[in-house]
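Paired with chain B in one complex and with chain C in the other, chain A is shared by the two complexes that follow.
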Partner chain A sequence: MSEVVRRVRAGGGWSRPRGGSRKSNTAPRPWGVALAPVLILTLFFLYPLALIVRQSFQPVSAYADVFSSELFRTALWTTVWIAVASTVGCLVLGFVLALVIAFVPFPGARTVSRFIDVYLSFPSFLITLALLFIYGTTGIVGSFQFLATPWGVLLAEVTYFTPFVMRPLLAAFSQLDTAQLEAASSLGARAPRIVRQVILPEALPALAAGGSLVLVLCLNEFGIVLFTGAKGVTTLPMLVYSKAILESDYSGACVVAVVNVLISVGLYGLYRVVSRRAGA
Partner chain B sequence: MTGGIRFDSVTVAYDGTVVLDALDLAVEPGEVMALLGPSGSGKTTALRAVAGFVRPVSGRVFLGGRDVTDLPPYRRGVGMVVQQYALFPHLRVEDNVAFGLKAQKVARGEIRPRVAEALELTGMAEYGRRYPRELSGGQQQRVAIARALAIRPGVLLLDEPLSALDARLRSGMLAELARLHRELPEVSILYVTHDQVEALTLADRIAVMDRARLQECGTPRELYRAPKSEFTAGFVGSANLLPVTVGERGVFFGEQRIEVRGVVPGAATLCVRPHLVGLGAGPNQLSGTVSEVQWRGATHRLYVGVNGHRVVADVPELKKPPVHGDAVTLHFAPEDAVLLAVGVGDE
Partner chain C sequence: MLVHSRKAKWAVWLVFLVLFLPLFALPLLVVLGASFATNWSGVLPSGFTTAHYTAATRGESLQALTTSLVTALTASLLALALGTWAALAAAGLKKRQRRLLDALFVLPVAVPSVVVGLAILVAFSKPPLLLNGTRWIVIVAHTVLVTAFAYQSVSAALVRLDPAYEQAAASLGARPVYVLWRIRLPLLLPSLTAAAGLCFALSMGELSATMMLYPPDWTTLPVLIYSATDRGALFAGSALAVVLMTATLLVLLVVSRVRTRASYR
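== the complex of A and B ==
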């Protein structure tokens, strides 16, 4: 998961995940060199992960308990719908903004484009904090309890994750042959038709890649949900947190964590498939 | 829509740099006009002004007698074909061709036959179900032409349409374009190229452009036989350009008196095509020393130093060609030489 984020935040190498293909390009190394990272990975990452999985089965009934609880099912539903809605929001907003930045000449378009790169490096709670200043109880717009609702979380996630969609879109748009747009225009197509029939089809792989990434990130988002102070909004990561830290129900927390990991890994696999196709 | 393009003193500038300087030019309905010039001569800018992708800072553009200067590209109804094809990669050939018809809200039932007709015209009827990436460069260019013709434009704009093709395909496509024009005699074609062969082969008239200006406009024959400027002489076909003095006693190249038809007052450049220069004695005799000989199959090309100037002669293949250092005599007929006023199109 964090690997994905790092790759995106680093800016380059978006559409072609680097990790996998590197091995085949270089000469085989002495296996001793590979041993250290593998050991470290096992010790600090895989082992704790295995502990979580093991803990989730003690007692074996933990799964049944968690799955049958109303709280879990609500959290699962909340997590999924907020993540899906955020992703849709990011895709729509990101597409429109990237269109404007890429195709409507205005002074500062480059600066805006640069800023998106910087934006990707911001921590997610920063956005929520900023939103608190506007919409929070003591904020500029003031006192309507908007941020503490699922809609507040949705707004914050759309605000924060939209650039993650724009980055690959802008890359795709810069590849687009302007002669195609001109050809469409001289054939009698106006802007909406050109966007729909020329630009959008070219942008689909980038939209799919950006969208699936944002979906994964939203499913696991913790900071934003915590910072909006939405007591009524319980997502899976929040549930893990409250079970483990507040209720000391480690088995329950581990079960939820495992579910979360499975969803993430599944979606990440999907994202890899999609982005590989997009990167061709 | 009726054809015909008229540039009325069209000037285009980017950030204060004039890239097209007061172009006056008229393309008649059904005429093929080539805009010929080196890169940066303003020829593509002129074409883009017709398509509507650049806005003149002054002057008007007319299509079929209608002032279109203020119309957006999608309301001009011109067909455009560019060097890199610009096909829509995600659409099949038939959908590429249908694109313009759908954009112009042509009745549904009419689209299919018109797509078929356009593909038939360009010899691509069997490729309708393919995607552009499954076609060769030449085939893609045919599709691009079909797409442009499907909207039945009065004016077809071709921007270096053959530059991306290899030499063999290019000559085939040239013949193809000539055939297309015979089948669509009412369509005006504006053909932008830097290739004189394409211009000479295809165009009814050629407009020679250089440094944002129209230098000269005329039929290929006029420009080839009797260019008015050194630039045209050098750009349309190859030319020997020799400095001469014009006085009361006639025209002189060094000490050699030259017979030429017509005299330009103060003229000082003589233009003779290499293939009109013969080897041996004759009228307008020039003596010199061979500096280089190139065998070109059917011809020999001789580079001969005369009075410190290089004269190029293309002569039919010689049994015993001269070699470097040989003294030779060249000649040319008075009617094959043209006198050019120095400085025309060169200010």
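== the complex of A and C ==
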């Protein structure tokens, strides 16, 4: 109560809607303040990107050369299908795990969700490093070249990126009113039905946001693929690296880079629109 | 809440464990186990040794650790300054301009980091700004990559900031700079430290852009881990990876202590 009174006095009788848009009464700052960071970003990010686009047209035939190469088309297809499959895997797995943590809590569930936060701060190649011991030539499971196939990359990406889906889901679940679940349950709905008709609709925005972020991150993933050391799996970022650093074919690398950027930025734009719609 | 009978609950938990442990706990345990071993051909590693750690904390490896720490600290501080400045500036703009700035500063997340590395390599390999071959090219790339995360966390915190305090200060005659320094930044301190921790962790583990750019005398720890595993020294690589994780976690721990102290002030 006293909090309200103080607010009213301080702000001169306005009230701020929770989580709503914030309107500052202080004078709007001019564009000049924003200019410095924008200039720095332009110099170190936009200008280099523009150079890549320019270089990709020198010679003009670079696009035709790259597009006609079998390696590029395979890499494009491999990148897209692994990314889509990983995203689906992360969504299913993340949904199930988050569901258990949030709605069938067990002792230590909080520790698990904190562990997930820590997990996010580790680099992705650790997963491949671990898988090398499990599935590598002298590994636990034995000598079969599982990691050198796209399935190895898929497993590593699902493992690494599932927490990226779980975090927004857990945040969304914590805002869900449990009274809804109790009501549905007391009206005779069983667990699968409650999940389908009460929880899933509430989780859709978080699923959409998390899923599209993971899709973009999978399309751009480099460390996981690099560490498998598989010659059989070439993705677009891998192709950029091998063309530029190993073959010194900068024009070709720039063409692949432009294609990769177009796909990823397009999808990320979609993600921003979706998450804004979802009121994130 | 969702499952009421005791039996069903245990079944659900069992499924959770079966999914969670092999996927998330096992990789970390495997790396940890391997870092103490010389040999892994059965179910468990064998040949206990701490020699990998002795090697991982001296010479080339120690230098790589310092390189990573210096790079990550510099890049995250630069990114924090840049991101906070941009987020504060964006908060004062009109809606359309703010959206533009949002899109601009979030773009580095969407662009593959390998491409960011290639772009910076192409742009700064020739005068007037010749950075290629120096440590600065790595630091610049890391800064560009993590600025987006700093910007996002700070602007999310700005939306939640209660404007009553700054309005009260302004109504009492405080200048905008004074309000910024004494009111807004102290209130933002918890999220600023969180953003700094995030940037630091991301920069410590950055591999893709670094692989495109690193000069021979500025090898970061992830690059060293890659070259170790590439030549087949998996066990030594695991020890380096554990060192990397430990260093990251220690810094995050310090940062989170600063954060709790800041939020109770």
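In this text, the second predicted complex is superposed on the first by the 244 of 280 C-alpha atoms of A that agree within 3 Å, B and C clash if a C-alpha of one lies under 4 Å from a C-alpha of the other, contacts with A are read in each partner's own complex, and residues count from 1 in each chain.
Rule of thumb we're sticking to: contacts are C-beta pairs under 8 Å (C-beta built on N, C-alpha and C of every residue); 3 or more make two chains touch, one makes a residue touch a chain.
Keep in mind it's a predicted model, so treat the numbers as computed, not measured.
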Clash or fit, chain B versus chain C on superposed chain A: fit
Chain A: partner with more touched residues, chain B or chain C: C
Partner chain(s) touched by A:Leu129 [first = chain B, second = chain C, both, neither]: second
Chain B versus chain C as contact partner of A:Leu219, first or second or both or neither: second
First (chain B), second (chain C), both or neither touched by A:Glu182: both
Which of chain B and chain C A:Pro59 touches, first, second, both or neither: neither
Which superposed partner A:Phe45 touches (first chain B, second chain C, both, neither): second
Chain B versus chain C as contact partner of A:Pro107, first or second or both or neither: neither
Which of chain B and chain C A:Arg193 touches, first, second, both or neither: first
Contacts of A:Gly232 with chain B and chain C, given as first, second, both or neither: neither
Touched partner set for A:Tyr119, first chain B, second chain C, both or neither: second
Where chain B and chain C come nearest after superposition, their Cα distance in Å: 6
On chain A, the residue positions that both chain B and chain C contact, one per complex: 182, 185
Chain A residues touching chain B - in the complex, by the definition given at the top: 177, 179-180, 182-190, 193, 197-198, 201-202
Touching residues (chain side chain C, partner chain A) in the complex: 1-4, 8-9, 12-13, 15-16, 19-20, 23-24, 26-28, 30-31, 34, 40-43, 82-83, 85-86, 88-94, 97, 101, 103-116, 118-124, 140, 143-144, 147, 158-159, 161-168, 170-171, 176, 179, 197-198, 201-202, 204-208, 211-212, 222, 225-226, 229-230, 234, 237-238, 241, 244-245, 248-249, 252
Residues of chain A defined as touching chain C within the complex: 7, 10-12, 16, 22, 24-29, 31, 33-34, 36-38, 40-41, 44-49, 51-52, 55, 93, 96-97, 99-101, 103-104, 106, 112, 115-116, 118-119, 121-127, 129-134, 136, 138-140, 158-159, 162-163, 178, 181-182, 185, 191, 194-195, 216, 219-220, 222-223, 226-227, 229, 236-237, 240-241, 244-245, 250, 253-254, 257, 260-261, 264-265, 267-269, 272
Of chain B, residues touching chain A in the complex: 51-53, 72-80, 82, 84, 86-91, 99-100, 103-104, 144, 147-148, 151, 157
